[in-house]
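Each of the next two complexes has chain A plus one other chain: chain B in the first, chain C in the second.
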Partner chain A sequence: MNLGIRRTLDRVFTGLTGASIVLLMLVLVAVLGPMIYRGSGAVLFGGTIEFRKMQRDLFNRADRAALEAEIAEADRARQVVYDMIDRFKKGIDIATMSSEAREINREYGRELRYRDVASEEYTEAREVARIIRDKLEEAFSSQDIALIRANVAEVLAQKDEARFKGTVAERFFSLATDFLDAAEHIDLSHYHDYLVALDEVEVILFGSIEHPGLLGPRPNQSARPLAMTSYGATRWDRAQALLDRLLWAEKWVEKEPGQPLVKARSPRAALFHDTALEPLFAYVPEHLNEMLRPRFTVYWQFFIDDNFDSHYFGGVGPEIIGTLLITVVGMLFVVPLGVISAAYLVECASEGPIMRILRMSINTLAGVPSIVFGLFGLAFFVLFLFPKLGFEPKACILAASLTLAVLTLPVMIRASEEAIRTVPRSYKEGSLALGASRFRTFVTVTFPAALPGILTGVILSLSRIAGETAPILFTGAVAMGPVPKSIFDPTRTLSYGSYDMAVGDRLAMMVPHNQYGMVLTLIVLILVLNAVAIVLRSRVFKKLKGH
Partner chain B sequence: MPEKDKPMPATAAYSQATKSDIRMMVTLGSRSAPDSKSPPAACVCPVIRSNGFSLYYGTKAGVRDITMDIHPCTVTSIIGPSGCGKSTFLRSINRMNDLIPHVRTEGLLEVDGQNVYDKRTNLVNLRQQVGMVFQKPNPFPKSIFDNIAYGPRLQGIRRKEELHHIVEQSLKAAAIWDEVKDDLRKSALALSGGQQQRLCIARALATRPRVLLMDEPCSALDPIATGRIEDLIGQLQSTYTIVIVTHNMQQAARVSERAAFFCLGELIEYDRTEKIFSNPAKKQTEDYVTGRFG
Partner chain C sequence: MLGPSADRRRPLALTPGEDLVGFIASYLGRAVLFLITATSVLAVLLILLFVILRSTPFLREFGVREFLTSRVWRPTADEPVFGALTLIVGSLYVSIAALLFAVPVGILAAVFLSDIVSWKIRNVAKPVVEILAAIPSVAYGFFAVLVLAPWMQRRFGFSTGTNALNASMILAVMALPTIISVAEDAISALGRELREASYSLGATRLETMVKVVIPAAHSGIIAAVVLGMMRAIGETMVVWMASGNATQIPHPWWDLSQSIRTMTATIAGEMGEAPEGMAHRSALFAVGVVLLLMTFVLNIVSEYFLSRAKKATGKS
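Then we have the complex of A and B:
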């Protein structure tokens, strides 16, 4: 081959190597980039006033005086929304209005008795009130605008009667006015549609017992059992999503007969065209800032906080503790076991059919799906071994760690074996020639010299143990529960938590930042653990090299 | 390379030895310091005695029917072409061949009257009696101090002062003390090749052996380092019985008093070095030393 071709080939090879490195880094960025971007949302975000309220109530963490002032400000902005909705309701909600009319009538009667009026007067006043009530009820239940106008006019004719001045009955007239005002603007034959649409708006704005709303429950509403529905949008991005839902109604429509349904968006304001509620859809986006008062928030407590309502609020503190516990306990098993096995394989075992089978088993074990190990752990450690040893046969950290140790044992053995095998023979000979026994030689010379390689095995199994989900599914992980007190308690972990959020329910769709945050925490945790091991390894390596 | 063409007489080596060396000889060795007046060759009863000793790797013979006596306080060199069993025989003396599977021995090999291949032989004691220096310097990846103290610690010596004393004496005896005394905590791997080999010799000396086996100790070193090691061997021969395997015939002529010529696993000739190199009894030996063969 001539020199020119050789040189060209060389260059191509170098170029390919460089390109593959660049590609690898791009892949790394492509994988980690979105993780970091989305995961950091759990810690860095625009926190609204609802977030600060939640922090105050659930974690007892706030500048109370300042927060109270802020809440008062926000409530002023929100009052407009409340008023608009109440006003609109007066024209629509027949059941409520009828019962209100009856209530006014009853109260008026009570008031008359209390005022001790003459009996004829009393009878007459009661009679008039009853007529007003009936007229109103007739108007409420009617869909004929002419009848409504007539009835309301008749009711309002009584407005200037002296006997009603300054009494509860005055509310009849405001009720009548409001109703007529609303009724003039809507198609009464569809009042039911308005009710449904209004209900939707209310759920989006104030939430319901199961849906968190944009602003949270109204001040006079009764408390809700779940923390997640007791507060409005705590995050600005979540608020934007809810605002979008408020402004746009989504509907599945059939575009062509026989075709699959498609989602169609239409402005929700159109549903309330020309009614008292229409301005709401202009007011809310314009004043959302004042109502929620977002502020850039660094929620570093994400890493120490417990969570509420399956990670709707709060952080991953217990998960981090659980992951660390499982990892540490697992490493306590896998490292000694792996090193001893590797030492046996290299130093003591003589090659033969049994060794071949053993080696093959180890290699095969490395390829077994992790869920198999999970079931093995349940069957062997939890159900078989624990009762024999007198432990309670329940999923716990110990069982999970043991299962993970078995899972990563092949990796550990292979890495340690390689490390021990590559220790120069001359080290061993030197030690043996000085009269050291084989055990002593291994402990004082071979093992320290193999330590960097063994630490590589530690790094590999560490990442595996900290990140595995399937093996701990049945052996020690729970989705919720207290922080473990001993290794005989089950625990929450980051890996299982992410899995649970993914399969659990609709929550993960509402709080993807928490899911990504959990995964990012896991990645960072593994990176930190690895970094410690890598620093340790390089120090050992330097020491061995004699620098 | 120092201009040292013939082996340094033991008396000269002894007179060169420092006072502390002598003290060490007294404290370390169970034997008395060699008498400066009588040359080492005058010691009569052999330290290593091999009588019809053979060693087989499976069915292949490594060495066959070796009969030779190695006398105390002499340097004995073993020469011969590659694969002739020099190293095998040397490693048989402290049973380093045990590591190789399927090794079998026949005949008698004694060190200090003790059968090496007896089942009751305490391997630890044997290897402390018979120190070994390898072809490639093989200090442990530990500090200089820990390297030297490795053997004494195996013997159960724990006291700091005692260890320090032994380390100092061993390093002085191996003529490397002055180069490393300032930084005994430094890693042994940071030393140069020649220093490392002298360190290995010091390490071997620290267990107070009677015999020092050297398996081509200079083959990985440059001429200057080789010269240093050869000087050292000259100094040590007054105290230790040294068996050295070498490919370098000039070296054998320079350092040893007696020489054994091995070929194809057999001992061809064993005599005083001058005789082997000037007037060998066997044709094969003559061919080898004159360069006509091998």
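Then we have the complex of A and C:
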């Protein structure tokens, strides 16, 4: 072959090998990047006044006096929004207005009866009031602006009548004025559309029983059962998203028949063109800051708080506790077993069939799929061993820990074995030469020298246990439930929680920061453990080599 | 204690007769240590025993033939059918697809780490592989569902983002650290002589690698691939979350954009709904047995190639 071609091929090959490593780095960035970026949002974000209210109510954590003052400030800015909506509603909500007219009529009658008037006068006044009511109701249900004007004018003609002065009937006239004012500005033939559009705006602003809103429920609204809908946007990014939904109406439209629907955006303000509500769409974006008062927040309590409404609010405290519990209990079993096994393999065993069987078993154990460990844990620990020992045969921390201990046993044995092997022979020989027994030599000389290396193995097993999910699916992990009281209770864990939130319901998708926050917590925990192990290993390596 | 006044004619070591307690303790100690070490053997045996025991009610009732040949897996129907063929094919399908991605990259990366870069760069590149290995599988699954799946759906217009391609790509990433480290060990264990001989004959690095080093290290590389396969076939969370879990064999067979379902995902997904004492539950244990046997076979194959690689480098 031509030398040039050979050289080019060689370069291409070298480039490809480099590219493979670059590819791995890119994969690492692609996997960790989104998790770090979005997960850190669980702890660092712009917290609004609603967040501080939520913290005060759910976690009893606030500077109450300062918060009260702040809430008062925010409410002042919000009042404008409330007023705008109420005013617009007056002209649009016909059912409410009709019932109000009827209510006024009834109350007026009651008032007359108490006031002790002559019977003819009473009958006449009732008659006039009833006519006013009918006129108003006719006007409310009409779509003809001329008729409305005429009816309202007729009603208002009664305004100066002496008999209505200072009575509840005066409300008739304010009702009529407000209605005419609104009716002049809206397209009466579409009043139903306005109602629908207004309802949408109200849900976005104040939330509903299932959707959290931008500002949260209005001060006089009744309390909602769920915590998630009892507060407005607690985070500035969430507030921005809701603001966007407030300003832009989205609709699925069919561009061409038979084609999939496409999303089309139009300014929502156009729906309320020329009405009392139109200024709202300028006011809210301009004063959102005053209404929500965002502030950069470091929510470190994410790592200790329990959650509310399937992780809509709160943190991953119980998950961290559960993960640590399972890990620690598992280590209690696996560390002694692993170290002793490793010691036996290095110090006592001689090559032979027994040794081969031991090695073979350890390798086989390392290759058993994690889900099979789950099956084994369920069949052996939970359903077989627990009833034999008098425990309740149910999934619990102890079962999960035991299962994971068996799973990590090979990791622990291999790491400890390597650690014990790297102890220089001279240490051991020195000790033996002084007359110490082999047992004594191991305990006082070899083991302390191997300890840092064994610790590395411990940490690697820790990180393996903390991250495994499949083996604990049936042996001890739950998605929801109380914090465990003993090792005989099942627990939430970071790993199972990450799974649950990733494939979970709509609710988890509404809080991507908590979704990613959970998995980021898990990854950080494991990577920190691994980093410690790597550093420890390189130090030990250097130290033992130095001798 | 041997004091300065001790009898100088005595032998230095104690005989069993003189130190009976020590002698017994030493043997007893060894026995205890052996028993503790044998826990691993016990664990393997118990795993085999219990998983097989739990699956026997099903195998006795329905028989092995239907289990291994039927393509219909309908465990909750009135007339339940347990055909695991689709699941077995699904597991092999994603694992082999994953290897197609992972093996070329893995071998190139192993060559890069062992033969091309200096020690310093290697110390930077190696942790990347170690971090990839340390990330828990549920985190990969999380990434597959929430990042990769929507992206693939948007980018390639698949009907679903959770499909065989998604699962096998993630499995490839998860198998890579294993493949790289075992293959790198095999390649670098060959020593300088072979390489130097090849270079001195005027071969380029490509020729040295492809014609000399990789053929010489083939046992280790095959072991690496088998270990990677083991990792992929036994992986649960990723395939459960990313493969779509549709009980079907892709048709046409090369269409990776279809959803499939593996053995591991079936066990993980259906165990919670399979009540104790039902055929469904022991059928899932039977799937576990198949899985276990597959990994045993792969394990033996990898051991064989690893020991061959050891012998080969031992001789050279």
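The criterion applied here is as follows: the second predicted complex is superposed on the first by the 394 of 547 C-alpha atoms of A that agree within 3 Å, B and C clash if a C-alpha of one lies under 4 Å from a C-alpha of the other, contacts with A are read in each partner's own complex, and residues count from 1 in each chain.
Definition applied: contacts are C-beta pairs under 8 Å (C-beta built on N, C-alpha and C of every residue); 3 or more make two chains touch, one makes a residue touch a chain.
Keep in mind it's a predicted model, so treat the numbers as computed, not measured.
In the overlay built on the shared chain, the residue A:530 is in contact with chain C alone; chain B does not reach it.
Once the two complexes are overlaid on the shared chain, A:424 sits against chain B while remaining clear of chain C. Of the two partner chains placed by superposition, A:63 touches none, neither chain B nor chain C. Looking at the shared chain after the overlay, A:161 reaches neither chain B nor chain C. By the touch criterion stated above, A:434 is placed in contact with chain B alone, chain C being left untouched.
In the superposition on chain A, no contact is made by A:250 with either chain B or chain C.
In the superposed pair of complexes, A:368 makes contact with chain C only, with no contact to chain B. Of the two partners chain B and chain C, more chain A residues are in touch with C. In the superposition on chain A, A:187 contacts neither chain B nor chain C. The interface of chain A with chain B overlaps its interface with chain C at residues 435, 437.
For chain B in complex with chain A, the touching residues are 94, 96, 99, 101, 123-128, 131-132, 134, 136, 138-142, 150-151, 154-155, 186-190, 200, 203-204, 207. Of all the residues in chain A, the ones that touch chain B in their complex are 350, 424, 426-437, 440, 444-445, 448-449, 543-547.
Chain C contributes residues 2, 12, 22, 25-26, 29-30, 33-34, 36-41, 43-44, 46-47, 50-51, 53-54, 104-106, 108-109, 111-113, 116, 125, 127-132, 134-143, 145-147, 173, 176, 204-207, 209, 230, 233-237, 241, 264, 267-268, 271-272, 276, 284-285, 288, 291-292, 295-296, 298-299, 302-303 to its touches with chain A in the complex.
If you check the complex, the residues on chain A that touch chain C are 6-7, 9-10, 12-14, 16-21, 23-25, 27-28, 30-32, 34-35, 337, 340-341, 343-345, 348-349, 357-358, 360-365, 367-376, 378-380, 383-384, 406, 409-410, 413, 435, 437-439, 463, 466-470, 473-474, 495-496, 498-499, 502-503, 512, 515-516, 519, 522-523, 526-527, 530, 534.
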